[in-house]
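Two complexes, one shared chain (chain A), two partners (chain B, chain C).
Let's turn to the complex of A and B:
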């Protein structure tokens, strides 16, 4: 097959002038001075997060303050990023509970599988993203911190209503 | 009516000190706020809001920037020439600030001790002083580029020197027409001649004005001629290796240059502090402050007042502010030229056109003088305006000459030629 080369008829520097184009450009930018601004004033003007936004995790709590988690071990298994550390324990009535439950928010890829697989709807990803910290170790959320989160939980994707309407 | 006298003795020293302090403070303040204006205007041009967090409408942003730059860590490249590395920013900053000294910024101010000229130093060499000092600014750039021991910085310094040499020529030549028309190089005289002619020089010397504005952009290293910085090619050019306050000094120098160039353009071509009409005219003529000449050649004494000084100061600020805005507007509208395009424009267009224009103005003035027309009068200005208009129109038509790059839409419409190169295998 023959090689075809597109040769564009570009303006030659010796025979071109930028005068008209320059004036045109300046007129264009000048017209924009009084236009409506598109800037979103972020901290005051918050973005409406989608109901399916997957952000900072939270742990659901029973009325008596215990975590709903039953330490079944599905979330560390289900998630692909290996970000959840779970050590299960059993109390004297034979109820399983998490002794250690830690999520490394740096490792997490916010796939939402933990929420998807949880049989007791304890762990959730949430509609929240402002989790800046001053030190790296603050990004490993322990059980207490997960239980303190107050933002709304993410709405799971429903195949029968794919656009969440 | 007693004749007005300029201040002398102690009053002169004190008033000069006050003027130096006021001008220096104002220049630094305006420079600081030009950085804010640059960010604000660029934001508006791009449909954004711009900095608005520090203080009302972001008005304290320059203070925050300054504080940050003072507190930042200063770094020195390991193999930099330390002395020149430190000297560079100073050499860039000082000439930019010094040049403002010879620009008159308002009508003379009457005080109980005499009349105070609203200019820091009315040196007899006026414009030459400005040319000399503004060219010195490039030494800072070249020196810092070389001392950084960094190839990008070095290229930036190299470009700065080449560009400065090229455009200094056109700048000087366009100034010659102004000097021919005033017959003097002091800027107070330039303002006075414009008042007397009844024309701001932008009209009788329109082409010189255009050439001067373009050269001034190149002289101040502003887009579209910011070859020494050229972020996309040279990191940031000559100040690549600079940090903290030293970097900030280059920044201040750039804006101070911009301010001086704007004030200079306003003074040379827009009448300086003059407002149209003879109300505010004032000039020291043979020891007397005059506002003009009567028909029989006797002098008309000027009556300076505080109000006139204030109004003319505002007029000067507005004119300078317009050029500052123009600088910013152009920067955020036009892309950077390529290096060879800058050089070609400087040597192949600006220089010959400026030379030709000097000849044209000189010829016109010669003819007018031969005809016995009063030099510097209104009719004189009118004829020059007509001649310059023709030259300007000719220049624009020549620059445009129907061979325009008309923007993206027209580019797409250009014909596309498809060449087919047979492959060696011949399949």
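Let's turn to the complex of A and C:
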């Protein structure tokens, strides 16, 4: 096919009036004044999170303040992002517990597998996303920090039916 | 009975197999490629046929037969996966789970547990039992063993190991029915026995667990590398279980010629030294008064010049019986190349041997190093006391070349090698005695390289690298052979196989052996007197 050049018939600045186009544009603008606003005044106005929202992790604790985690090792195994570091050990009562439990929230892809596989309902992804920090290392959440999280767990998990039975 | 055939032919799951007469159905099924689930049966123990899990359907038999004790007969038709056999196993497994606590998340056996595997493959999806499970709690058996009674499936492998193999009746079954538990006699426990770690290995569930390994790592996180136990000259075949570049535990690997299925508690518990940190990571060369780290190429060219300059005054070398045959042969080759000299080694000796009564060719040998025999075969001389100290008077003050390979020189002072014209130290850790060294070269340990050890009876066995060597560490054979090759303008052996061939040229017993023909059971060196008669 031979190469051809298409010449466009462009409006010429000296012979064309823009008045009609300007009025058309302004009409659109004024139409929007009457419409419902879509802009949200975040952070004053908070967004509604989806019921399937999976955000910052939290660790459930027993009444006496111990973490519910038994260091079974399923969450680092099940999760695809290799973001959980877990070292198990024995506490003074002979129970298995996590000596080290760290989640790197940067590595994490928030798949929610850790919550899915947890046999003791200890680790959860939460309804929370505002975890900005000033330094990168603060994004590695250790066990104490995970236990201190106050936001609710995701709605994917129903505490009244923890095993989805 | 003269015309009785020595073999029988039977059909297992539609497949015809021919096995020697007297073979059990379970073994015959393995031959046919079918693994029949079993608990109480173990290759190294008697068969009480009490777990009832290996039941298979035999055509003509009135009811399912326990395959671990039923002998194969000519023309038999066996079905291991028929509806009846599967139904039987499903039923038996359901009974096991009536009282099994299902605490897999906190059980150390999880991931390598036969109950988990069998139930996953053939068991019911949900239990039907609504009764509360019985609870025993855990019991300290002494030694390295903890007993969780709830998890026990009463296969009695541990009881039979202690009575048949270790032949020290420490364990028994007490009570009956669902209340039965394994227990020790009075408060005696397993304390003082030398092979009790094996009951943890043979326990098919998590009832017997190791205190040392308790809650340390999950089974699926560990990589298993075949190796040879470095803790005595028996050379037991082991697997190194590694996580995060650290050895987490040692487990025996089957080799009927050496250790069968067992290993001693001394060897099993003695692995922390392999993980020792503070390693040398780069070649250190002394120039003038100061020591400088440099790359291998620079260090080796300086070393070659140094050795050639000082070789007129004789060489004395110290080797380590923890070095592989390849390392030792390379040292021998280097010493021979530069005029020859005496090579000595030091190794610790225990008071006595600890023999496993049920398998008497296996013992914790007196010689507490894996390759003393290899050093002997390469013409090295053992010096010093039974605690691996002393004996280096001739080397410490030697005025020629001093080469130390692997020996940490822990008992030597800072004046070691001060008179030497050239002092070369190859090893993993520096110390006071390396202060005078002109060259400190970081070498990899046995766990970080490929190689072979020669055990007390002259059996050469291969091991594989389980850990990553730190920094610029290289196998000692590579370093030493590179020096020899530089001098002779020969080719540097770049593989362990080529390095092993050097041993063949340096010691007659190794001649004719090929690295890749050693095989999984090891190969005995060509000595005139061979203890194993292999």
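Quick note on the criterion: the second predicted complex is superposed on the first by the 126 of 165 C-alpha atoms of A that agree within 3 Å, B and C clash if a C-alpha of one lies under 4 Å from a C-alpha of the other, contacts with A are read in each partner's own complex, and residues count from 1 in each chain.
Assume contacts are C-beta pairs under 8 Å (C-beta built on N, C-alpha and C of every residue); 3 or more make two chains touch, one makes a residue touch a chain.
All values reported here derive from a predicted model rather than from experimental measurement.
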First (chain B), second (chain C), both or neither touched by A:120: second
Partner chain in contact with A:33 - chain B first, chain C second, else both or neither: first
Most chain A residues touched (candidates chain B, chain C): B
Partner chain(s) touched by A:109 [first = chain B, second = chain C, both, neither]: neither
Partner chain(s) touched by A:73 [first = chain B, second = chain C, both, neither]: second
Partner chain(s) touched by A:88 [first = chain B, second = chain C, both, neither]: second
Touching partner for A:19 - first (chain B), second (chain C), both, neither: first
Contacts of A:96 with chain B and chain C, given as first, second, both or neither: second
First (chain B), second (chain C), both or neither touched by A:5: first
On chain A, positions contacted by chain B and by chain C: none
Interface residues, chain C side, partner chain A - complex: 104-106, 110, 138, 214-218, 220-221
Of all residues in chain A, those that touch chain B in their complex: 1-9, 11, 13, 15-22, 24-26, 28-30, 32-39, 41
Interfacial residue positions of chain B with respect to chain A in the complex: 41, 43-49, 329-330, 332-334, 340-341, 344, 396, 399-401, 403-407, 414-423, 427
Footprint of chain C on chain A - complex, ascending: 70-74, 77, 88-90, 94-96, 119-120
